[in-house]
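Read through the structures below before going on.
Two complexes come next, and they have one chain in common, subunit A, joined by subunit B in the first and subunit C in the second.
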Partner chain A sequence: MTASSLASSFASEPAPSPGSAPGGRMGTSGPGRLLELDDLDVSYARRGHAPVRAVIGASLSVEAGEIVGLVGESGCGKSTLGRAAVGLVPPSAGEVRYRGERVETLGRAARSPELRSLQMVFQDPYASLNPRRRVGRQIADAIRLGTGAKLDDEAATRRVAALLERVGLSAAVAHRFPHEFSGGQCQRIAIARVLATEPSCVVADEPISALDASAQAQIANLLAGIVAESGLGMLFISHDLSVVRKIADRTVVMYFGRIVETGATEAVWSQPAHPYTRALIGAIPRPGAGSALPSELPGDVPDPARPPSGCRFHPRCPEVMERCRTEDPVAIEVGPGWQSVCFRSQPGQAAVK
Partner chain B sequence: MSTGDPFSLEVGPLPAQADPGADLLTRQDRAALRPPWRQPLALTGVAIIITWIVIAIFASELAPHPPNLQFGPLNASPSHAYLFGTDEIGRDVFSRVLYGARLSLPLAALLVAVAMVIGSTLGSVAGFFGGIVDAIIMRIADLVFAFPGIILALAVAAALGAQLRNAVLAVIVVSWPSYARLSRGLVLAARSSEYVTSAKLLGSSAWRTMWVELRPNIAGPIFVLAALDIGNAVLLLSGLSFLGLGAQPPTAEWGSMVSEGAQNFSSFWIGLFPGLAILTVVLAFNFVGDALRDMLDPRTARMIRK
Partner chain C sequence: MSANGRPETGPATVARPRAADSRPTGPDNRRTSTGSVLEVENLSVALRTSHGIRRAVDGISFSIGAGEILGIAGESGSGKTLTALSLLGLLPLGARTSGSVRFEGRELLGLKRRQLREVRGKQVGLVSQDPATSLHPLLRIDVQMTEHVRAHLGFSKDKARQRAIEMLTAVRIPDPETALFAHPHQFSGGMRQRIAIAMALACEPRLLIADEPTTSLDVTVQAGILRLLDRLRRERGVSVMIITHDLGVLSSISDRICILYGGRVAEYGVTPAVLGTPRHPYTEGLMRSLPGASAAGAAMVPIQGAPPSLDSMPGGCAFHPRCEWARESCRTTVPALRSLDDGRQLACDVDPLPARPAQVSPVGRS
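Moving on, here comes the complex of A and B:
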């Protein structure tokens, strides 16, 4: 699958124009802002215990045509954030807006048609496809449900074929069942199903983590190509930093429920402002680094039920100060569009050395 | 996977499934997965069922006499002329047993089908919606489960009046809860799966999700339960007739024939042969049902306790 073949298969598709959404609200939401998370809190209630706050005060936005990479360790709340962003998990505070409208949490009623262009790609491609239905039918249903188009069978077959080819599969596989495919192929089908709804915004929750190495790169390239050509916005959640570095326009770093650093990917990578970001980047094994092992963070992610006082990162922070133990840091604008939640960060200064 | 497709560029093994241990086959599982021709009991069951179906279809051609014709000697023992003997008013027991297949088999199949549709619909709704809907449906099911099947069926049939149609209704009343319980469990397990979540994100309504997405995934175990249940239904229906609450004389129905035989104990053949007919049908359906259950995924098979 090359970019040019993607482009040609896209040429026949009317690319959704998210910026010109009818009834787009003025005010806080800019014209290109598709998805906004505003001071979002997500808590999980537990019987007999204090609720676990999986996401705390998270604010981020995804604009049309950009990939926002969300990285962090396992259990840091990035998947919960992604699920809340599409309305699968109810926020306990704050809100999620899509094209300026509040994203209602999915209940028993069918999802409102305005929200159906906000879609999700799941981690496990086998689990996200119905094992007992032919993939072509699943994609055809997505076209009908997602776009509200009344298609006869012949038109649906043509659209399904176009979508399958768009994700790099043969149109002839439409009559097969998901178990007849490899993980990478299943993920392509899941992506085709999402594209069938003509989405404006896609939350990709660890879409490549369950795949083998060669499929990972292909799927990441496919997603990046789709964003480049159709202009949709994507929140790309991954713990694979090297992939995020390669495809994301902006990077959001999460630690233990909190967003600790946000900025343009290149800037964050070249001069990480937050000590946690530095530690994460330092933990990537590099070829040519001799026998040196990647630097590791001391300790483990704390027990979510008993979060540390002050800055949530302080027990593991190599640059901890007295203040960090008691006070909660706020976001510092270290550069244009670049924020770090750390006491050592200085406004306007790219990084604290 | 054909070669030459553009997706043959996928290399490497499939990614590991979530729980590799769950897919390990134990020795028993492998025995259960043997092809049908290596499962003698299942084959026997299928043969017996086919035989009875053929008998039911061609009863009028196969039977030497009409079922209700009183023509022969009274209480004649089995002989060349009267294969299974004659009953106390001179009817040919052999002919009556053959005609009995025309009642028991289709009625059992019909009532199992109706109980399956009602039970699995109610159970799926309970499992999918949960909450108060679930509580109401499943408490009613529990209420039915609390009685021994035949006792409740007796009460229902007696309340509705002694008729074959009412006996069928009574058996449906006692049979649907097992389908409800099974399908509720299957829906509960499936409704939180990601393919259901994906469908809801696409805008699928609750009913569409249940019918289009869930139904094909829960149908297998429910059909197995139905296969196991047909034998049970034959037995219950005959039992009600035996007790005088089902088929009424002179209808040639196995249960009521056994009942007549029980009143003429010296002429054992009057009750023995219809009894054997019931036995073979019930055994055959149980053999087939067991084999089908074993062929199911061992994890879901455990949910069908019969």
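Moving on, here comes the complex of A and C:
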């Protein structure tokens, strides 16, 4: 089973009142949420130029036992959002809260113990693991640093063995170095190291994109299994919509710095409300579909230094209206817990269908 | 699953119809029957590794007809990229090739460098996975796009520039006259890949080898590149060999498909047949592991284990350690590649594959 069986955990939340949310904000803050991004802005300063706004007014939340999939094209700001969510880049406005506490950007000082259960899995395991340290030692480091447990060597070995077996590796590989493993195995080790800290919330940034075809399904299943079993919350960032559809309970679609649609995965997939979501889904080549070529979305993601006026998607939007060129759309509640930032979206339209 | 079945109902959930009596029909058949542009026969590539000499490509044969798109599929270590490089004499030093590669009737293996130069870039174009490796970062697009046209075709500067503009227009780069004066970093990844394709096409090659041309790109951009390749083969009759591990890409664009595993051909035939009713356990496993193949809510069904490396290539059938139907003979004997009734070639002795139960078992905690 996957985490989608836990979908009920968010279906039971009180549905916000239909209509437009003020200021284009999506999602509401409330108690019981593990990770909350509230109207988050991230800008990158550039010498001699106006700063580039990589993330604009993003609000989302991750609850315990839930996988939230964040999808979008490269350069849309999804990785920046993920890094800001764990405090690796400073927000320029808005804030990130973890268990109700503000996530301070990581600096030279040690991270406070309360925040150590907020962890991250990176895309390239060869880069995130230390190439010169045995994998068992790296996992043991994470146990000591992440949980503060004072373990003797024997206890650490036992715990490392259990973690390696949890991610589908043999306990005997603890003495090996990262280069002795394939990409998929390395990602398992990186996941074991994250699990060693006993996390409550994990941000996984393209954790399967660099892996072989068969390893991708293995790692995606592993992550979904961990969430279902331990009840941690996960923000799963990926450009691969078909995997997100498979394991995420909710899907958040980002375009050019803005969240454009968010909702339950099956709903977003089966009747996407935003034209960009429709374009993304239409562009996926379907295996076994015979000779049908995927549909093209003309144009490229615009230059972040010169964002288009009005709706940021309007230059590529197949359903563009005059209004889209000048006005910025706000989030429309198209269904319970389902929002679309588009002038063409109608409040409650999903319920009518 | 039937060839035109919906992707949501994967091969795992449907009774497996046998394609034994259905011959491939339509344009694919016509294209493959006559006039091969490229014929590869019994190609082997041996590499020197720290453990001795290893055969990375082991007796591969395939052909590409005019205007045909052949897909080469496989994971890392399957020999797919080495196969492509060997066609162009671009293998790393110390690699040894044997067999035969005939391009329009001319044997390419063993050609001298000067002779190869007439083929490379002029008659056979190469598009690599990363446009950053095929474009020079410091040179303007016009320099990169006219140099080989002038060298190969003897065009004047103006004529070569005209050709470059024509090609950039063909790959739908907006405002090609201005684009010529730009540097590669001024374009997005998708545009850079389109420029790399335009460059590879500038000498009007008969064959385009595209090694993972869309792997680093977003799906929206990928869709554009696939449509471009399809248009080129229809309008210009270019043959394309597209190498990727993405079966979704191959089902949408390729006429025939060649599945490689451990340096050998596992299954080879018309795309809808091979992907619709896979007969090799590896092909079947790949199709089953796709996210759309399993039922909603059910875990994906990955192939267990990892592809073998050159130094740990299993004996017998290279796939047997990961194959759920492996028999004793699979461990010792390399299965011979044989032709089936529907024209496909198959290297597996477990045939027909045992039918799957209708419901996918909840595997997944790998």
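The criterion applied here is as follows: the second predicted complex is superposed on the first by the 314 of 353 C-alpha atoms of A that agree within 3 Å, B and C clash if a C-alpha of one lies under 4 Å from a C-alpha of the other, contacts with A are read in each partner's own complex, and residues count from 1 in each chain.
Note that in this section contacts are C-beta pairs under 8 Å (C-beta built on N, C-alpha and C of every residue); 3 or more make two chains touch, one makes a residue touch a chain.
Just so you know, these numbers come straight off a predicted model, no measurement behind them.
Within the superposed three-chain model, A:A110 lies in touch with subunit B and out of touch with subunit C [touch as defined at top]. Contact with neither subunit B nor subunit C is seen for A:M321 once the two complexes are overlaid on the shared chain. Once the two complexes are overlaid on the shared chain, A:G168 sits against subunit B and subunit C alike.
Applying the stated contact rule after C-alpha superposition, one finds that A:A224 touches subunit C and leaves subunit B untouched.
In the superposition on chain A, contact is made by A:Q185 with both subunit B and subunit C.
In the superposition on chain A, A:A210 contacts subunit B only, with no contact to subunit C.
In the superposition on chain A, A:A93 contacts neither subunit B nor subunit C. Of the two partner chains placed by superposition, A:A331 touches none, neither subunit B nor subunit C.
Applying the stated contact rule after C-alpha superposition, one finds that A:S74 touches subunit C and leaves subunit B untouched. Common to the subunit B and subunit C contact sets on subunit A are residues 1, 168, 182-185, 212-215, 218. Listed in rising order, the residues of subunit B touching subunit A in the complex are 1, 5-7, 9-15, 17-18, 129, 193-195, 197-206, 208, 212-213, 216-217.
Listing the residues of subunit A that touch subunit B in their complex gives 1, 86, 88, 106, 108-113, 115-116, 119-120, 122, 124, 126-133, 141-142, 145-146, 168-170, 172-173, 180-185, 188, 190, 193, 197, 210-215, 218.
Residues of subunit A that touch subunit C in their complex: 1-2, 4-5, 73-75, 168, 182-185, 212-218, 220-222, 224-225, 239-243, 245-246, 266, 279-280, 282-298, 300-301. Taken together, the subunit C residues at the contact with subunit A in this complex read 1, 3-7, 10-11, 75-76, 188-191, 218-224, 226-227, 230, 245-249, 251-253, 272, 275-276, 285-287, 289-294, 296-307, 309, 362, 364-366.
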